[in-house]
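Pasting the structures here.
Next, two complexes with chain A in common: one pairs it with chain B, the other with chain C.
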Partner chain A sequence: MLTKIKFPSKRLMLALLLSLSSVILLEASDFPKNSSFLFSLLSIFIGFLIVGLFFIPSAVIKSKTDLGFIAYANKKTPSAVIFVSALYCIYFVYTAEYFLLRYSDMFSKRINSEANIYAVALILLAVAVYAACKGANAIARCSIFIFAFSLVAFVVIFSGNISNLEINASDFSFSGNTGDFIYTTSFFATPAFTAVIFSVLSGGIKNFHSKQIVITLIIGAVIFGLFLFFTVFALGSYAHAQEYSAFLLSKTAHFESIGGLDSFFLSSSLLSVFLVISLSLVCICRCAAKSGSLPFAGVFALLIFILFICSYSFDGVKKLLTDSYVFNVFTFICAVVIPVFYIIFGRRKLNV
Partner chain B sequence: MFKKIVLIFLCVLSLILPGCSEAKQIDKASIAEIVTAFENDGKTYYSFYFLSSSETPVYTTVCADSFESACEKARSESISNLMLTKLELFVTEESLASKTLKKDIGFISRNSYFSPLMYVTLCDGKLIEMLNEDKELNESVQKLIILNTKKDRSVSVTPLSIFNSFSDNNNKELALSYINSKTELKSEIIKINPQK
Partner chain C sequence: MNSSLKCNIDTLKNMFASSADFTVRDMVIPSQKPRKAAIITIEGMCNKEIIALSIINPLLAHRFSDGSADEIFDEIKQSVLTSSEIVEFNTFDEAIMFSTSGFAILALDGTDRMLAIGVQGFSFRSVSEPESEVVQRGSREGFTEPLRINMTLIRRRIKNPDLVFETLTVGEESQTQLMLCYLQKSVSPEILDEIRSRLNKSNLKNLLASGYLNDYLEDKGSMSIFSGVGISERPDTVCGKLAEGRVAILVDGTPAVIILPHLFVEEFQSVDDYSNRPYYAAFIRILKYLSFVIAVFLPGVYTAFAQYHPEYFPTGLLIKTAESLSATPLSVTLEALIITFVYEIMREAGLRIPKPLGHAVSIVGALVIGESAVSAGFISSSTLMVIATAAICSYVTASLYPPITVLRFSYIIIGGIFGLWGIVLATCVVLINMCSKTSLGVPYMSSLAPFSMRSMRDVFIRSNWKKLSRHTIKVQKFPETEDVYADKN
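On to the complex of A and B.
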């Protein structure tokens, strides 16, 4: 039976950090060829600055009222909350679908093209439903172990690539065009989906400080920066010959004659996607005020699976569900527009 | 009761998931360990050396313009289940360096099933003949390539480093490993112009 006891905010931040790392792990071919390392580094900085801004409305609501956004909206507009909840449910279905599709694409293109991708998705969703039933606290606890594993995986991948590094002073030039800048910044702003998860789950956390968000985003930006650094200097042009440069990094990582460290990458990417999907399902349950409900989470997981089948049947659906621009606009609406509207609306109501 | 049902479900699932129905006999799988490219009577040939338990090398040779078409030809003509994921060594006869190496490395770099860290070297024609007879030569060649990397850090011995040298437009000479087998096996470094 689930209890209403609040859990430490550090745990949720850890889960969000791991969730946002899935963006770089499942990166397909999002690094532009002609941009320099410093130019892409600037995109990471701007991207994460945008992610930080997306967190502000929900952090303000949490600091002032100690409530999650849905609970806050319910308090302010009880009659309209059903529409807000429905919109957030659609958003979390989109989020889960976005990462599930990206993961299954990576799995079929890089790991096993003959595997039944529907079975992989179904099993992943089934485990996520179970995790969602246990609640955000259980998932956040689980993220401690996932973090330990991911830390080892990242250290192994990066240290195994040190011998491949070829750094020249000329590689530190600053070049790139506006189109590339918009594209990469949009890609590096994708982790903003964690702000929406935070806005919904923040009601269940205690000991929250705004600096925790800053620390989480700094660590996230460092991870992204490290992946970019090794992609540029250890893989070079080879990174653009194939998709999924993070996976390629795990293949090129080696210690003397010991190689084949891609299983570390595969495990950490799977675990991070599992966190995103299970947290999305928890958020859906919270939006519908049915925390820990197996049938409810199951119904939405089924919906995600049906959409998954549709996207593999119709290319247009898949393009729409994996478009980072659409995802970012949707995130902007859910993380900034609606919460800011409620903050302003709430103040006016108090003034009246 | 619910836990027992879940346990039974997981037991049944564990029988389905390992994919035993799709299993392939390793002897029949045709796993290539070495590929050699050589020239004979003005034509280019590619030989695939397979993982096997026999004492002499098991290989097949196809005539093709590039490694890509050699793979296609080998799959369509003789080895339908040709596997290249375990390829350790790609040997090209020196005379073909300017003709096929760039194309072949490009093909390797585009396909994720190849290891970016397999060894690539140039050699003389005699080594190709020796590889056809001596199964243990693979290890000796790999040791010589490693020796070359220790002699000179700038030498490119993997598809990763060779592809990057081909992609750079700085007119720098590309240092490749070369195995000389005239009297005894010797490792040397040969420099080519990647832009040619």
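On to the complex of A and C.
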């Protein structure tokens, strides 16, 4: 019953905001290190501008037809929708795999190197399958609690680092090369995967306004900017030599003798990855028009797990699945190319 | 029914299998042509004094006109009996229903009709303060077992013709009477129909307590350790809920009244909140939420920290905890599990044994097991303190005790095996489960998720009565409730 009713779009936006924060929480060596602070801020701005552009086609479809992209495609080309759905299913498998691999990397490198990474992935996937069976609405409701926790976690991490801040005027210079700029902008455009999730789930939401996307992206950009600010000014050159700068930020946070605030960071990153994977599974179910189907979500989770095992067995597979360039290109195809094609094709068909 | 009195009585005797409490008082109606009659009762269910005064005496004293059995029957019904409650019927099923409900059955030879006369006089527990819902400043009255008395307790508080009691019978064998109670103008017809339909579909043979109905009243696909069915023994609580559009189900023979729909935030509300000053009520509310979190998470998080993340303890606390844990032979997870398990045994024993022995159990538990186990080095004092704190916190929201206990055990095991990571993931499962649960279509986590700013005035804080009374939020108006029914229609 719950899977069928429409829920407020604000809640989906909240879930997407938390999902996109996983990009910054799980960053390994992608974070800008050679560029100046202002230069990196510009990258964030451009990156989120690109993310915003990725949202436009699905927002147009939602506003004009009140349908999600898959339902829209089904309406326009019932015979071809199976191929589109299959492509989107592959995309969401890729998305889930991308974040699962990044999380498991962070887990083995920073949390517990002795833990069985396969067990970690399997349990995480099992929980995500359960969530996917309950539907997008339940996950979106759950994101309210995750948001409350993440808000506390971020406030604790940032305020715990205030005493470490050392602001240098030289960091405000506008310096950096084009290669770095493209690299960092590409990294900051990774949250565009939320546009694809939105395009599939937008059929199940109500009270949608385009400004909600803008607000979500602004908040997302502010979060990224804050992480960047504290990484540059609280960690300084120490961050340049290390992977997982955002995680280090939580390690250095302290209130007098009270430390160990990285537990907040680890919990937030786990929660955001959980949201991404479960929303991806929900999208897969939606693409196959099997909302809340346990066997269906389970089969795809198994597929993700098999890919996960392959990634750890073959380096090439892992490299391909965690490459942000490939991920962004794939996102571009699913969020922009196909929906725009359908919008143009749909109009022509209507005119005929 | 037959017109022969003997035949009717024999049939009833057979139906009651000549039960020892089935009593028949034969008599003769004094008229020109004396007619045989009988008063059928179930021993212990009727007041003998009232039978003598309102049935036997008037019958024997009255001078009946000469007429047919039916004419005499009508005369008895209209001008002889002095009881205020007289019902005419003509089936054996009704005869059984009335007699087992404490009515006296008057049967007259020559007619196939009978009279049920209200002379109930069974003994029952008087109205007293419910032990499970003690309040400081509210009413001291609590529901009791007989249905009619419970109805009176509600009616006395809501002197409004909108208040409706609707009778239903559930239990193929027990034929237990239920009362659906609601305010006609406040209740949602869809919710009411859904409750009726679920009760009618129940296939219970015997309904001996209101708890039997929980499984039938829970929403399908809402399997959870949290209950979507509310219970209260307080008439003032039930009346408050009725005003918000909820439905109460009174079950004959049970003081626990079912309230539907039931939400998570209601577990933290009590009558005292509305009698105390708003600032103090808000403080108590926040205290209750914190207690719930501590009761559920503290032992699990402690286990996870002590076993996998000792660096999260502040240095001073870490030294003390490490000292305490190093002196014991068991792992911290096993220790926490054993202490929680022993505590649950003592709690269960304390509940079931006679009250005078309860103190002995407390002393044995606190001094012998607790103190001695720590001094003998079996368990660490820090673990004992953590479990004891969680146990005390779980009593702050007593109605949530069952889920708290199960979650506490689960979190200790999960924290012991997977550490903090496992606890976070398990919390995701619990949250998803709670967020997807509905109670008669109303989201169980309403006010929080779906978030409703309007209802926040009575969730973490309790606004003052000027604000609260300005607008009562009906339960069917909670976000996404109407959508569910619209979707069904």
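As a working rule, the second predicted complex is superposed on the first by the 348 of 352 C-alpha atoms of A that agree within 3 Å, B and C clash if a C-alpha of one lies under 4 Å from a C-alpha of the other, contacts with A are read in each partner's own complex, and residues count from 1 in each chain.
Here is the rule we go by: a contact is a pair of C-beta atoms (placed from the backbone, for glycine too) under 8 Å apart; a residue touches a chain by one contact, two chains touch by 3 or more.
Owing to the predicted nature of the structure, the values given are computational and were not obtained by experimental measurement.
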If you stack the two complexes on chain A, which partner ends up touching A:Phe341: first (chain B), second (chain C), both, or neither?
neither
Practice item. Quick one: classify A:His254 as touching chain B (first), chain C (second), both or neither. Key: first
Worksheet entry | Touched partner set for A:Leu124, first chain B, second chain C, both or neither | second
Chain A contact check, chain B vs chain C, more residues touched by chain C
- Based on the superposed arrangement, let me know which partner A:Ser237 touches: chain B (first), chain C (second), both, or neither? first
Contacts of A:Glu114 with chain B and chain C, given as first, second, both or neither
first
*For A:Asn164, select first, second, both or neither according to whether it touches chain B, chain C, the two together, or no partner.*
first
Practice task
Quick one: classify A:Phe172 as touching chain B (first), chain C (second), both or neither.
Solution key: neither
In chain A, both chain B and chain C touch residues 123, 259
Chain A contacts chain C in the complex at 1-2, 4-8, 11, 107, 111-112, 120, 123-124, 127, 130-131, 134-135, 137-139, 141-142, 144-146, 257-260, 263, 266-267, 270-271, 274
Chain A partner, complex, touching residues on chain B are 17, 22, 106, 109-112, 115-117, 159-161, 163-164, 167-168
In the complex, the residues of chain A that touch chain B are 109-110, 114, 123, 164, 166, 235-238, 241-242, 244, 247-248, 251-252, 254, 259
The residues of chain C that touch chain A in their complex are 219-221, 308-309, 311-316, 418-422, 424-425, 428-429, 431-433, 435-436, 438, 441, 443, 445, 448-451, 479-480, 483-484, 487-488
